[in-house]
Amino acid sequence: METGFLQEQKVLEGDLNSENSHQNSVDFLMNWFRKQSIFVLAYGTGCGAIEMPPTFTSRYDAERLGIRGAATPRQADVIIVSGYCSYKTLRRIIRTYEQMSNPKYLLALGSCTVNGGMYWDSYNTIKKLEDYLPVDMYVNGCMPRPESILEGFIALQKEIGEGKASSWQKYEENYEFYRKNQEAVLGKKVEPSYEADWYLYEGGL
Amino acid sequence: MEFSLYGLSDIVLSLKVTALANFFALLIVLSTLTVLFIAPNYRLKRSFYLLFTLLVASLFLIVYAHDYLLFFIGWEVMSISTYFLLSFTLSKEALHKYILFAMASALSLFVAILLLYSTQHSFLYEDAKQSYLAMSDGVQQLFTLFMLIAIFIKLGTIGFHYWLVDAYEESHNLFTPFLSAMLSKMGLYALILFVANITQATYVLAVMGLLTTIIATFKAIEQESIKRLLAYSSIAQLGYIVTVLSVADGMGGALYHALIHTLVKLLLFINIAGVIYVTQKEKLSDLGGLIYKLPQSFVFLLIGIIVLAGMPPLGGFASKFMIYTALLDAKYLLLLAGVMFSSASAFIYVYKLIYGIYLGHPTHKNLEEVKEVPWTFLAPQYLLASLLVIIGTFPGLVIPYINRILGELNLTLLSFETIQTLITSYAQYNGFVVMGAFGGIFVLVLMMFMLLRSKAKKPKNRFDIAYCAEEPNEATHLHYGYSMGQELKRVGLIHLIAKNSSKYFYDFLAKQMQYFSEVVRKIYSGNLLLNFNIAVLFLIILLLWSLK
Amino acid sequence: MILFDLLFMLLVAYITGFLYYGLYRNITARFQRRLGPPVWQSFLDSIKFFSKEESISHGWMFYLGPVIMMSGAIMTLFFIPLFHTGESFKGLSSYGNLFLVLYLLVLGALGNALAVGASGNPFGVMGVTRGLSRLFALELPFYISVIALISVSGSADIVCIAASQTEWNAFAYPLLFIAALFSFVGMMGQAPFDVVGAPVEVYSGPASEFSGKFLALLMSQSAIFTFAKLVLMVHLFLGGASGFVELLAKSFGLFLFVIAFGAMYGRFKTPQSIDFLLKVPTSIAIVGLILATWS
Amino acid sequence: MSSTLFIALPLLFGFATPLLSRLGKNALAYTSVLMQLSLLGLALSLLLAHSSTTVELISIAAPLGISFVLSTASLLMVLLFTLLMTLFSLYYLFQRRANAYANESKFFTLLNMLLAASIGLVLSSDIFNIYVFFEIAGISAYILSAYSKTALALESGLKYLLTGAVASIFLLFAIVLIYLHVGSLNLAVIAEQFQLLPYNVKLLISLLLLIGFGFKVEVFPLNFWVTDVYQGSTSLVNALFSGIVVKAYLFVFFHILYLFLPQGEFTLFLLYLGGVSMLVAEVAGLRQTNLKRLFAYSSLGQVALIFVAFAMQNIQAVQAAFFIVIAHSLAKFMLFLALASLEKTEQNMHIDRLKQIDSPFLMVMMFLAMLSLLGIPLFVGFVGKFLLLKSLAVEGMLTLLVMVVVASFIEAIYYFKLMGYMLHKGTRSEKVEVSLGEKMIFVSLGLSLLLLGVFPMSIAGFLQNAAEVLLDQTAYITLLVGG
Amino acid sequence: MFEFLNQPEVIKTIVTLGAMSLFFVGLFGLLTRKHIVKVFISIAIMESAIFLLFIGLSFNREKVAPIIDATQTQVATMNDPIPQAMILTAIVIGMAVLALGVSFAIEYYKLTGKTEIDTMNEMRF
């Protein structure tokens, strides 16, 4: 009988391996791989970033679940919006999100991303992240402890494995909506000045 | 063909067709043709062509001369015609620097050959060895000193390279390829003659060669001007040859590398000439991002730098391999390590070169509007690049020719089996297999890679890069690598190389010379009284001296 | 037959490489008192990246970069024999030599550097700059050691060098081995010489612009390349290998040492690492060379 | 009779100039050309008809007389002088600078006196005659130097005169001593008996001769006046000074030296004296910015080179010396004429002005002359320098060889500095017109430099013959005394 | 009383010593005097010293003047005429040179006002 974090590991892995349906075998395989390997952009957008280092280091060791940090958006699968999000940060988050390659997922921490939280009447923070970027998973708490974040990741992994986590497709489908909201906050000459490339896709190499 | 000069029966001169001479003559023909190919792009005066013809003629004279007097005459004519060719573009200071070194080279060669003549009364190459042996020890050293100074100045060996870099940088773009490919080779030819005919000044060559390769490489890394960078690279490459000539069986490697270096420097300088022709910019910091504007040029420069860095599978590796095994054979292990070290350091400037010009971001608006260089620039590059690829694939191809030269010089022949392989006592190398394997693997990997499901999409503009979530724009400084290598100066040993320059020495020398002149010309003070006194003093001294 | 051999070598290298990488992550985790990912985690990562829906390419040079790097790794592998005895699994080593391998070791990295340059990402170029600056210092002790070995064994053929060892070169010439190990740690991208891809400082350096399948390819080549380098070291210093068990044991031992070394030390800055490499390991190597060849 | 003509004709013409100038505006220039041409023709005909050394005696009484010896060597010098004078007259004719020489007839008188004296120096075999021609050449040179009567010209004339006077005193002293001991003025007689004299007398005479001629042949501590004189005089006159006068003095000095001065250590001393002169002159010239003065320093260096070559005292070196004499005379003559053409507005040219001048033709010609002076192959300067250095090497005088080469290098520094100024890229404001006649002269001089450089064998035999004759002491003595 | 002075050796010694001292006086003047005219005078003194020396040493009291007429036909008993001829020539030349020099000096003085030779260094270095 394992004790301590070894036992916890077992519980979490058991949760991961639940069966899923409505996918063909290739998709299933792909999603299984995606689920097993999650690269999280090391980008602290708000106060909740303080909880991320313990999550990824020795105490909580997210790597045992295949979750590890990535420095650049090009390599990341998940971006964590950790708490309140000022306009200034939003601009960066949007750019980073658009630079990540599909499939990509967004994990939002804390109540501030849901409804503004304690910044509900702030003049320079957004209230509802959903209006600007699609969110795959919310993790509640102010701030969520690393356990909660791990919980959130596991839930995300589960959704990925089942093929349900498809916010990136939602973003592409409803781009005008998101774009309008973004421009409403960030102004007409909203950065990024380039257009989302898949939107005007011209073919690859 | 033997004849005498100046109606003096005691001087026998001779022109002779030898395999060595043919080898260099071939290089001259190749360089001349390729360089003339790009000439129509420039508006040049007729006198330029006249002088160029004179230069080429003098090169042929140097190569086919079979005695040191004709050789010297060719050498001087080469220096002077080069002077006037350089005068079309060089600044006054650079020009003066060039000619002073050229004259110093010519005059020390003159002294050397006269010393040679003084014992056996012959300038012929065949008698050189005997003449040398007939000298006393001190004169032998003096002779070697003068001869090597002459050669080193032409080669631009470190310490004697002060003129070379400026001359290369400021010379006409048409002329730089020739300067690097041919004129420095004449120094090499002199060195080969010296080593083969007279004596192998082992330690001097080894030390100078090694210092040259290492110092020039690190100097090249510092440069921001393309032509300066390539000039230092030329110096370093010739340093390899000087090093390898210090060992007994190094001649094969030296000749091989001379061939490769000629081809690659022609290729690189013509490429650079093309880039400068279309962009009018000569600094790495003013260029950048040209890869999609000048794709063909990019590929040729790529081939050039692969050869320059000595990377397999192209010809550069074959010659480096010959050099390494020659040094290994002679058990000059630390020397070999030093040469390999500088060869590894060369990657930096090689990358800096291609990055600064073709990769990264364009630094000026008008760089985004340039077109591919004219075909007159591309055609010689096609020729040279294909030659380099062929030599890389069949590295044994030139061995029979080199063997013919070696046989003529009574040196150990290189072993030769098939044209695909290079065989030395330590190892063999099959260029065909390496090239084939690389090509095959590359194609297979590429095909499999392209079959992958993942779409490769292209960003809409060049500012879409991962930049710490910031949005760069026109004003952002994105072209970074052209100043590559600056941080190396923080390393103590390299700082030592970067900080010091022969410039300080020569400036010091010039200043002292001027002071000296200032003192000496006080004699001509215009004061008759003083001078009469001096004259009488002279008379008295003479009297005392003769009465002693 | 040779094609089969090559394919087999590739397979072995691929599997072993990923295995080693998994073990590397696991063992490093243990050093840090955590559990670490499963052994096959690196493989999963690479397949995940292969299966990304899209990947960003900055033009054809960028596209070709990882391919060149992969080709370089495979070339390196092919020109190093797996075993120094027997007929099979020699790869193409009879057509090449140690000098060729030394150059092939950097071929891929240079090819990739072009791609990084073409991407236009200044952080990538910063990484490349660091890498190239460090490269020559890194190579010098290794070169000296290798030259000494070639000179001692009288051949630049890897098989001959491996076969000529009556006792392991590592014990016969300990100074050379120590110097070469310093370089080897750097070549494996381990601390204290891992400044090239430092994620926090230069945004993961050369890799910063690679996404999706490009990154996956880079990961795969890294696995193959690691294995190739380990085999080279085994042949040069650890008496070679005549069977899989011996090869794996020796190479894993070496690998273990390298990662342990890497886990224990902090990171040198670029000039620091150059300075260190040019002073300490180079001096050791020179002394070693003199001792080895003095006669 | 013919060799006397070389002296008589110019003198005659010189003193007839006041009459000739009455004939018309350009009569003097044209007749001068004619006269020089006839002299040249005479010299050429002598060259063609010439077989062996001839002596010509103007007798006064049976044992006394003035004798001229026309050997191959002296014929060579005469040819050179007449050729240069011809070119000079032609240049004068074409250039038409009447305002610079207001009193043309006097100028021509002096020119012809100079020529006659120079030729006289070369031909005389009588030491007192040498003294007389020495003085005549001197006086005409002083006046020519001070001719324009500006402060600079007068200063240079005065300096020239003072040094010349002192030199002549020493020479006269030497001659007096010689006569007192030998009792004859004939060079051959002196040569026969000189070796019998006591050592101290020989020494004193040698030193006095060295000092006397040393001023004129411009060796190191005695050449301080040269640069001032060149700077103060006009370029036209300088062309003659460096082309003719110095060469005559050099020739006669070494002629005397070969005949009766002590050998051995003294020769070695002369060699090193020449080497040091050359080095000092070139070093001193390094920072010079006044063109005329710069060329003067260069002349000093070149003359010292000739000095070394003559002092070597073997056939090859003397042949080399003749080559350098020819090369230097032609090239310096050309340079000074070019300078005269450039100096239309300003007398003392600063080298900076070379940047302004727009005259490709003159530039090219000056390049040719300078390259020849520097001893670049394909030019005649190289042949001389090469032969000299070769014989130095063969004799094993390596120190001297290195000295000469170093001096050549220093000379190259400032000549190439000049060329750098001439090649300067930028706008050139001063256009210099060069008439067709002038061009012809320059081209012929330049071509001769090139042709002699490429085909030196055409004159090498002649020069070797001249060298042999000059060195052959016994033949000279038998010719004059025994014959 | 001064009969011994008639001895040729004594005469020659006196002449030599006298001429040489004159020469050195001139030389001293040449080397130390700055005024141009004094320099010319020094030169003239030096010249005269040599003339004296020559004439003094070549003249023989025993012999007669070298004039050939009806009575004098023996060349052997005549004094050598050449020194006198030479010295006459030299005096003429020396005179001419000095006259020329003085005329230069006058012209120069008119132009610049300088009389000292050490200040005549408009051209130097």
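The letters A, B, C, D and E name the chains in turn, as written, and every chain counts its residues from 1.
By definition in this document, contacts are C-beta pairs under 8 Å (C-beta built on N, C-alpha and C of every residue); 3 or more make two chains touch, one makes a residue touch a chain.
Everything numeric here is computed off the predicted structure, so don't read it as measured data.
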Contact distance in steps, from chain C to chain E: 2
Contacts common to chain B and chain D (chain labels): E
Chain pair with more C-beta contacts, A-B versus B-C: B-C
By mean Cα position, the chain sitting nearest the middle: B
Relative to chain B, chain with the most remote C-alpha centre: E
Most remote chain, CA-based centroid, reference being chain D: A
Rounded Å distance between chain C and chain D, as computed from the means of their C-alpha atoms: 79
Centre-to-centre distance between chain E and chain A (centres being mean Cα positions), rounded to whole Å: 119
Chain centre separation (chain B, chain E; CA means) in Å: 70
Centroid distance [mean C-alpha coordinates] between chain E and chain D, Å: 29
Chain B: positions in contact with at least two other chains: 455-459, 464, 466, 521, 524-526, 528, 532
Chain D, residues touching no fewer than two other chains: 159, 162, 166, 227-228, 288
Per-residue multi-chain contacts in chain E, two or more chains: 30, 117, 120, 122-125
Touching pairs among all chains present in the structure: A-B, A-C, B-C, B-D, B-E, D-E
Chain E contact footprint on chain B (complex, rising order): 521-522, 524-530, 532-533, 536
List of chain E residues in touch with chain B within their complex: 27, 30-31, 34, 117-118, 120-125
Residue ranges of chain A in contact with chain B within the complex: 43, 72-74, 92-93, 95-96, 99, 191-195, 197-198, 200-205
In the complex, chain A residues that touch chain C: 5-6, 9, 30, 33-34, 36-37, 39, 42, 57-58, 61, 63-66, 68-72, 74-75, 77, 99, 101-103, 198, 204-205
Of all residues in chain B, those that touch chain D in their complex: 5-8, 72-73, 76-77, 80, 83-84, 87, 92, 95-96, 99-100, 103-104, 107-108, 110-111, 114-115, 117-118, 121, 139, 142, 513-514, 516-518, 520-521, 523-526, 528, 531-532, 534-535, 537-539, 542-543, 546-547
